[in-house]
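Okay, so chain A shows up in both of these, paired with chain B first and chain C after.
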Partner chain A sequence: MILPKMILKNAFRRKVRTLLTILATAVAILAFGLLRTVITTWYGAAETTAADRLVTRNSVSLIFPLPLSYYEKIRHVEGVREVTYGSWFGGFYISEKNFFANFAMEPESYLNLYREFLIPEDQKQDFLRDRRGALVGVGLMERFGWDLGDTVTLKGTIYPGDWPLVIRAVYRGRTPNVDETQFVFHWEYLNETLKDTAPARANEVGFYILGIRDPSRAAEVAREVDAMFENSPAETLTETEKAFVMGFISMSEAIITVIQAVSLVIIVIILAVVANTMAMTTRERTGEYAVLKTLGFSGFQITVLIMGEALVITCLGALLGILLTYPAAYGFKEALKQFFPLFNVDPMTVVLDLGVAVLVGAAAAVIPARQAVSIRIAEGLRRMG
Partner chain B sequence: MGDAIVQIRNVSKAYRRGDIPVPVLTDLSFDIAQGEFLSIMGPSGSGKSTLLNLIAGIDSVDSGSIIVGGEDITTLSETELADWRAGNVGFIFQFYNLIPVLTAFENVELPLHLTGLSKAERREHVEAALGMVNLTTRMDHYPGQLSGGEQQRVAIARAVVIDPVILVADEPTGDLDRRSAGDVLDLMDRLNTEIGKTIIMVTHDPHAAERAHLVRHLEKGEFGT
Partner chain C sequence: MALPISYSLRSLWTRRLTAFLTASGMALVVFVFAAVLMLAEGLRMTLVQTGSNDNVVILRKGATSEVDSSIEREKASVVETLPGIAAGREGRPLLAKETVVLITLPKVGGGSSNVTVRGIGEDSLALRPQVKVVQGRMPRPGMPEMIVGQSLMRRFEGLSLGGTLSDNLEGWRIVGVMDAGNTAFSSEIWADADQVMQEFNRPVYSIVIFRLADARSFGSVKQLVENDPRLTLQAKNEVRFYLEQSEMMAKFLTILGVTLTVIFSLGAVIGAMITMYSAVANRTSEIGTLRALGFQRRAILLSFLAESLILGFAGGCLGLFFASFMQLITISTVNFQTFSELAFRFALTPGIFLKSMAFALVMSLAGGVLPAFRASRMNIVESLRTS
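Now for the complex of A and B:
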């Protein structure tokens, strides 16, 4: 059919204008894609959670601890197969700008529950044996240029002082969405030190993580755990790991809302740019559309011609924008890896990019197409002369 | 001459200038015979282009009827009119009105895309039409690469390629030099005498008009003697 050929030829009749419009669309799609990636990264932590894991914390706030004595009680709740515990350590390496997630955990039960960490068996045994040993994600190792066996001194904030730890094991994620920038060491090492330096804070944990046999009984198990500690000095709140992580994310809801609003503004900007181009194009070609109508082409075919041209421009812009998103996301990740260790472009973002391009292309052509179709042939022919 | 191919009955048409209706054609009635080469002359604003547009089905009457090839086109909807034009009317415009991004071949082929012809059949028709206007060697050229006379000949090939019932020409020589205008008029004359095409031409140019077999003068929406 002649229409696809005309669409392509028309799209590049004004090369500079078309290329500038494609470039503007590409930049907007790039910005849209990066903002979407920030959002998906934010929510990505919730996606890596397991359905068969629950988190028990102090019902007042996460910053209040729970007694270690809860461990045995929780372990014997019907449906619980494994329990681990630990505390958010909140230390940094050399200076505060070197921020990364670091936890003191009971190591054996933790590794039993977190099968998504792939660790060579010999390293795993070395880590379990050494009370000052640390398990470090490969991403963090690369960031600081550490090697296995290196001693790394964390400076405590919640637990003041210098904490020298020896890297005994390095993990990789079983799937690409596993955070490879965590730092884990023995909770026992933390607790033994606290017994000497701050005895009032010893034998307390920040949270328990429960592995359950049947994820469909998660609510029931959570209720049973919380019921055990009702009216105690440290009441608990037990929820799925996903709900726990989402609780953190919801604290940043305002930022996410702003990012989403900016994404919408970007869509409106692309719409305005493409609509302007299409309006100019259609005005210039009113006479040609009148000729086509004279020859018997229908209003629908004229609409296809105009909408097709808009879609060619927006889709080419989107493809260029998507191609640019990957290196830009890599640069973003390298620059801000302490905040976004998993800054990967989600396939759904690419689908959304293309969806936005199609939507904007179609919307930008609606008014010009309507004008071209509704103009009287005789009037259109006059404009051609 | 044959029977009437176009029958115009009591046609009136007015345009509005603001709230004021300006009559262009008033209760006009006449016939155009099959195989006729009719030239309509008249001063600017006499309504000759409006009449041509009405006969070609690209404008609508206020009252009256226009029957072309037995079909009352004043009763057709916009979509039906588009289909009717595609199969029955060949257009020749003053400024050629070729699509600049298409080659001469593609411009001539354009109306054939609305028919059910295969690619091979379309090629055959287009080559025949371009052969008739003596432009087969320039079929891959774009309009911008052709002279005014050549462009008008491509436009004539585009008009005849569908084998229309009538050919309408609005000032077909108005943008051409004398020699090219002569070539175009020769071509139209051949289409009329050799193939028997009914041609209705609107022109200001007395030289062009005298090539027609019948000349009618339109003044203030009515035919003079």
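Now for the complex of A and C:
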């Protein structure tokens, strides 16, 4: 087989140009990969949800609470296995800039429902026993340099005041896509304090989370729960955990659309650079193609030659770009910790990177290849001069 | 003697396909660069225009957004008696006590989002001169009526003058449409404060807002409010208040924008370099001839740099041309901090225009420098031999 050898020889004949083109492709693939990762991270939250969990909240909007008295009623709905409840606390540590997710939850039922949190048994017991105890993700522990047993004071935004809490347990995710930067403490602690400071706000919860026996009956259970509280002062809206999370995500859809549009622009940019290189290369080699044709090479073989060269360049660029994506994603994660607790490069992104490289390589070679194939031998030879 | 500009122009024209591809690559980079800046600027402008510099917003201590905040009626009355508040109707202080809640509404084309419902006082409109009633009228005190921001009318399902909301606020009628330009108020619903408090069972105000008779007295008013142990409230300049609310979003857009721009510009510089290197390589004998005719190294260098700059200029113009159309697009998204819907536009300012153009020229210069040096250092005899 002489063609592969020729393709490689040709590709590196103009070393500077080829290296520059590879570099440009690598840079573009890097940008494309980072943007894809932003998008997959955004949607990633929806993937950690479980099909057997429903979320019940106030139907007006999330800022309105539900009475605690719904707990018993929801628990007795047919098909409901376990119910937990809690509130978004929305506090911050020292400064507002240190944003992280923090909730006040009923701890025992919460841990029963969220099996994806791995907690050493003794720590779990400590956390359940201490009413001022907190369960903290390992990522958050590292971010603030906390240790087990430390007292951490959250400043409330929704619930005013200082809230001293003791870190009693640290969790890790069962899978890499579990958010390890959450902060959970006892709902009872919040409620008891509110009874003293703001009695009107006590005995109210932000949301209920329902574990159901049969995920295929999710819609029926949801309907049944909502029907129970229809025409009451606090009507409910129950949906699957996934729909609940997707609701958040879809609110920021416009930004995702912008990012997707930019990803497309990147592909066009690489296409312009690679097509430019291929156009220059084939123009210089018109005479050579005429010689090859004289020697009996078919139009198909010449197309393979040119397309192969473009593909060698784009694929090498893509490999380099993919290698660079990992350290870049790490840097990005460090800079944007507060938005993206997780920022992992999805395997699908790598596949897409390669797909783009192949597509761009092939597309960039189309016009130059057609020109090289259609040129008449005599004319091509004359151009050699 | 310098080479004429027309030489550079013609050289580009003889290799139009390559020149065009390089310029369009650069145009795309400039486009993205400008678009990201325009987005961040649009967000900033929306929030700055939403506030007025002589307005003061009073929130509960510790609250970071209007929805988090709560102010009991008694405390609100204390605020009313503060000195330094501008006089409004009949000599009463120009002040409004407002209750702000969020409701979920279905969006056009699926999904739903959180919309701010602002329970207003009689002076709320006077405190926001940006807000104009464009259709119908303002809601009457004591009536379950509301006026809806124009940008909501377009983006949310089933809103019409004289109509009601589909799921929320049963029995409330839309009696007017307000236009508040590019401000956050265009994405809000306004109704009578007492009606809102009753409907949502929320017996407290969220904020108190007033105008200062003299904007310079803000410091002393702030001290007065924040040092009063009865109040546990905080005072904020309205412009600052809205800017702080978008800090996270602005930071996100900026980091994303800077990362993209750095990466993209590398790509574009490389693209320009490829083109200019090949321009030099293809014209070796031509350069030799020019040198033989007596043009100096410096003239050759400048001529190639000029050629590269022309490419950059063309790319910059093309990129900005397309970017200027982005001004027609409105982005609406939920602000991470306030959790409520906010619409803003891509805004092209002269500053962004100049920055993008400078960016294009710097990129092309960076790409052209090395090839131009190579051209200027060619040996006359050898370059004439390679023909």
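Annotations
Keep in mind that, in the parts below, the second predicted complex is superposed on the first by the 384 of 385 C-alpha atoms of A that agree within 3 Å, B and C clash if a C-alpha of one lies under 4 Å from a C-alpha of the other, contacts with A are read in each partner's own complex, and residues count from 1 in each chain.
Quick note on the criterion: a residue touches a chain if its C-beta (ideal position, glycine included) is under 8 Å from a C-beta of that chain, and two chains touch if they have at least 3 such contacts.
As the structure is a prediction and not an experimental result, all values here were calculated from the model.
Contact with chain C, but none with chain B, is seen for A:Val265 once the two complexes are overlaid on the shared chain.
Of the two partner chains placed by the overlay, only chain B lies in contact with A:Val291; chain C stays clear of it.
By the touch criterion defined above, A:Tyr43 reaches neither chain B nor chain C.
Using the contact criterion defined above for the overlaid structures, shared-chain residue A:Tyr326 touches neither chain B nor chain C, since it reaches no partner. When the two complexes are overlaid on their common chain A, residue A:Thr277 makes contact with chain C while staying clear of chain B. By the touch criterion defined above, A:Leu336 lies against chain C but remains apart from chain B after alignment on the C-alpha atoms of chain A.
Shared-chain residue A:Phe144: touches no atom of chain B or chain C. Measured by the number of chain A residues touched, the leading partner among chain B and chain C is C.
The touching residues of chain B, when paired with chain A in their complex, are 49-50, 53, 56, 58-59, 78-79, 82-87, 91, 93-95, 97, 99-102, 106, 109-111, 113-114, 158. On the side of chain A, the complex with chain B involves touching residues 1-2, 5-6, 9-10, 13, 287-288, 291-299, 376-378, 381, 384-385. Taken together, the chain A residues at the contact with chain C in this complex read 16-17, 20-21, 23-24, 27-28, 30-31, 34-35, 38, 59-64, 90, 96, 99, 155-158, 160-161, 200, 233, 247-248, 250-255, 258-259, 262, 265-266, 268-270, 272-273, 275-277, 279-280, 284, 332, 335-336, 338-339.
Considering their complex, residues 17-18, 21-22, 24-25, 28-29, 31-32, 39, 60-65, 67-68, 101-104, 110-114, 167-168, 200-201, 203, 232, 248, 252, 255-256, 259-260, 263-264, 266-268, 270-271, 273-275, 277-278, 282, 331-334, 336, 339, 341 of chain C touch chain A.
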